[in-house]
Amino acid sequence: MSAPKATKRAAPTTSIATHTNDDIYIRDKSLCSELIGKLSFTEMIVFQMLGRMPSAAETAMIDACLVTLMEHGLTPSALATRLIYSSAPEAMQAGVAAGLMGVGSVFVGTMEGNAQLLLEIVEDPAGIEAAATRVAQEHRAARKPLPGFGHHLHKPDDPRPIRLFQLAEEHGQSGTYIAALKALSAAIDAVYGKHITINATGAIAAVLMDCGVPAEILRGFALITRCAGLVGHVREEQEKPSMRTIWETSEAAIPYDGTVPGA
Amino acid sequence: MSAPKATKRAAPTTSIATHTNDDIYIRDKSLCSELIGKLSFTEMIVFQMLGRMPSAAETAMIDACLVTLMEHGLTPSALATRLIYSSAPEAMQAGVAAGLMGVGSVFVGTMEGNAQLLLEIVEDPAGIEAAATRVAQEHRAARKPLPGFGHHLHKPDDPRPIRLFQLAEEHGQSGTYIAALKALSAAIDAVYGKHITINATGAIAAVLMDCGVPAEILRGFALITRCAGLVGHVREEQEKPSMRTIWETSEAAIPYDGTVPGA
Amino acid sequence: MSAPKATKRAAPTTSIATHTNDDIYIRDKSLCSELIGKLSFTEMIVFQMLGRMPSAAETAMIDACLVTLMEHGLTPSALATRLIYSSAPEAMQAGVAAGLMGVGSVFVGTMEGNAQLLLEIVEDPAGIEAAATRVAQEHRAARKPLPGFGHHLHKPDDPRPIRLFQLAEEHGQSGTYIAALKALSAAIDAVYGKHITINATGAIAAVLMDCGVPAEILRGFALITRCAGLVGHVREEQEKPSMRTIWETSEAAIPYDGTVPGA
Amino acid sequence: MSAPKATKRAAPTTSIATHTNDDIYIRDKSLCSELIGKLSFTEMIVFQMLGRMPSAAETAMIDACLVTLMEHGLTPSALATRLIYSSAPEAMQAGVAAGLMGVGSVFVGTMEGNAQLLLEIVEDPAGIEAAATRVAQEHRAARKPLPGFGHHLHKPDDPRPIRLFQLAEEHGQSGTYIAALKALSAAIDAVYGKHITINATGAIAAVLMDCGVPAEILRGFALITRCAGLVGHVREEQEKPSMRTIWETSEAAIPYDGTVPGA
């Protein structure tokens, strides 16, 4: 199949990087004289992704979000990384990539679903409280899931949102989206007649959006920090291999339900 | 195929994470009260991966390495990420994972090859200078490539190692492995009779090893920061799509060399 | 995060494979005495995936679909495979996996979108013609894209559906779904007042569904045959490396739009 | 980083596919009039990959190899596919790709290691028997693993090689490489003083090489048929979800070995 001709399409350019014989430039800044040794990794992530330098308060909040999301134990992602790394240890990148592909709709998609609700609430001319109540009522009526709310284990409250909101207050970073999320939480408790906790992915959506991160790239932050978490699992797999235990245990837990002649 | 029985194998455990109803614990520290808001992302990466808190000087050097490696322009990895992201935008994780898989022997493997040379030099009872000369002579005699040395563009010197070594001096982090790399560089210039630059991957291997990072997990740092770089390319692809340009241009540059009847 | 407890959930089993000391059994058949040497690869694919042996006519049609979809030239998927394979040739699996991840909504999703339309038409109590007209009218009114219809190059008709439908006739495999697709095509031409070709992915959805393939696993057939196509690109990349050409060409086609001081 | 200039490098071309407005051409044959409906999937795989049509006997043997390697139960690859598919069901391609990345050195690398031994034996001017004895003696003396030999479960003999060699005889496809493998097997039994079975990957290396498949693309056949096997696991995961069982079971089998304050 050939690439479709699209004469109306503008030729794309890149604003990210270029180089000369003497240096590399990232978004017009010299890598060697303006970035290395001047920026933390977190600041560089924001600069690379959004093309602007974060404030100290934004960096503190983004650090907090990245620390919160990095590690969740032996999740499906971590198990996939361990299984694939120990099957092909010559290609560590493939083991990490395998686990990273589990950052999809089931676990992290709720961050994006919550972001959509927050955008809808913030942009509603009726105001945040009225919009939050309407959203809660619509979800209850349609029996739709509430992305960013509920946790099977942490009840009545997930401790991570509490900590993140407290930090945001301290850093003067509690803005419109955190306000919208808190209003939605209050509306949900009222409409459903019971307390449903804000969970970590819901809180992180609001915190990052209050740092100016666009909704459509939120998942990217989850990918960066989960990548670091998965490298930690690779390191542990190098020292304490678990692949054969995962294999044997899973095989035993999911028995064959057919019939073998003579068996 | 069933998992091979291995009765002699010890049952594996994990030291990374656990949780209670009230909190998550990572390496015995409370996520909510001891980590979120207390650690930068870089400190958390080291804590997760190596199980110990880095010193301020180590954090500064690891930040510098991560900033150095994040972005290299429209590399094969970045192109793969853009091609796959724009083919399946519903799965950003797959686009990032596709590019991450390019972090293999050709581009980043030199970091690990260089680390092996440094380990060999540091452990040689003959001393660093003698060992460096021997390694240089052996490589010249066998016409073997010198991992961590040479750059097709940055001549006579890659500016990144110079900057990293200067920072290491400032932070009191210029240790055995940087010393070994400098000795090897001097030996190579003498043995080959010309100056061959230390390149960025070579320098980063030495800097990270002087921060206590084991050689076998070095590639993990490249994966973490390239992941962030690739998320930046996803963000730009969302705003300035390039997939069809890469497709059309490549198709035109790699013509069909067969014969079509009637054409 | 711990796995949520779900006491109501039934323990899963597998019906795919087991083994004894003497043989492997796949869906209760002996691999060595009943499958190897008795089944073609295509028959084995159906047996593995659906748990039943296809008829000769079904095998012929599935072969035709797999042959049709295998290769499309230097597509984004093939380019990603070549870029990643040549960056990490020690991990051929990663190069193939990178390209495979391009089998997503933009290129193959139309097969699944078309399948949904066909299911809707077939299940409509109003009958196929009335349902097809309704679907065409609804899409026109809402200016919605028509999955399975249209091709930027092959006009007035994509030659692949014509060939596939002719083969289905010959093998007595032209059933309900092909009928629904033809009815939809006629309705579209009438409603839109112009001829819009059925494309290859649309035709393949109908052909595979007439072979009894459930709509939700259709993409799996695309994955299997694209995997084979991508292995062909790896083989050509081994003999005629193209990675650096793709890289240089793309870099030149997507210029840096920033300003470098002094440049 | 810019693509290195390489003026001596020939501009690459492709021999795989092109198209006109009326048809697609694969290796100079019309997709619609010469391939669809004329070739089985297996024949098309060989034609795409090697640029020549296989004989009927070669097709039979390649079918047998693909059938043999497709499915091995709940292996690390299949578990990774199930974990990732159920984490991101909107991206089936990512689930399949995750499992495919487990086709690396640990499980399939033995096919390639065995192929190297066979090439060495066949090319030895001393003749196959003498070369086989030398290879066996060298491996014993160096205590090196014997790729393609040994199986933890199937003793004294893996039933799959027996079946494949018998089929090769029937089809007149038992050539130099199968002869070399049998000679090596006899030499190993003599040198080690005990019977060590040829295993499935060893046999398949020899069978495919006797069909003219180059050693460096052998892994590609494993990738194609494992891809089909993994799609079968996706289909079963759609009907009988196992992700949470794998997760819970593995978490219980790999306990946290740290200490939580107050726990």
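In this document, chain identifiers A, B, C and D correspond to the written order of the chains, with residue numbering beginning at 1 in each.
Convention: a residue touches a chain if its C-beta (ideal position, glycine included) is under 8 Å from a C-beta of that chain, and two chains touch if they have at least 3 such contacts.
Remember, predicted model here, so these are calculated numbers, not experimental data.
Interface comparison, C-D against A-C: more C-beta pairs in contact at C-D. Greatest centre-to-centre distance from chain D is found for A, with centres as Cα means. Note on chain placement: the centre of chain B and the centre of chain C lie 36 Å apart, centres being C-alpha means.
Between the Cα centres of chain C and chain D there is a gap of 23 Å. Rounded to a whole number, the gap between the C-alpha centres of chain A and chain C is 30 angstrom.
Residue positions of chain A with contacts to 2 or more other chains are 1-2, 4-5, 11-19, 24, 72-75, 88, 90-91, 93-94, 97-98, 101-104, 153, 242, 245, 247, 251, 253-254. Note for the complex: chain D touches chain B at residues 1-2, 4-5, 11-18, 20, 25, 27-28, 30, 72-73, 75, 88, 90-91, 93-94, 97, 152-153, 253-261, 263. Those residues of chain B that touch chain C in the complex are listed here as 1-2, 19, 24, 73-77, 79-80, 83-84, 86-91, 94-95, 97-99, 101-107, 242-243, 245-247, 249-254, 256. Note for the complex: chain C touches chain D at residues 2-6, 9, 11-19, 21-24, 26, 31-33, 35-37, 39-42, 44-45, 48-50, 60, 62-64, 66-68, 70-74, 91-94, 96-98, 100-104, 153-155, 159-160, 162-164, 167, 216-217, 219-221, 223-225, 227-229, 231-236, 238, 240-242, 244-245, 247-248, 251.
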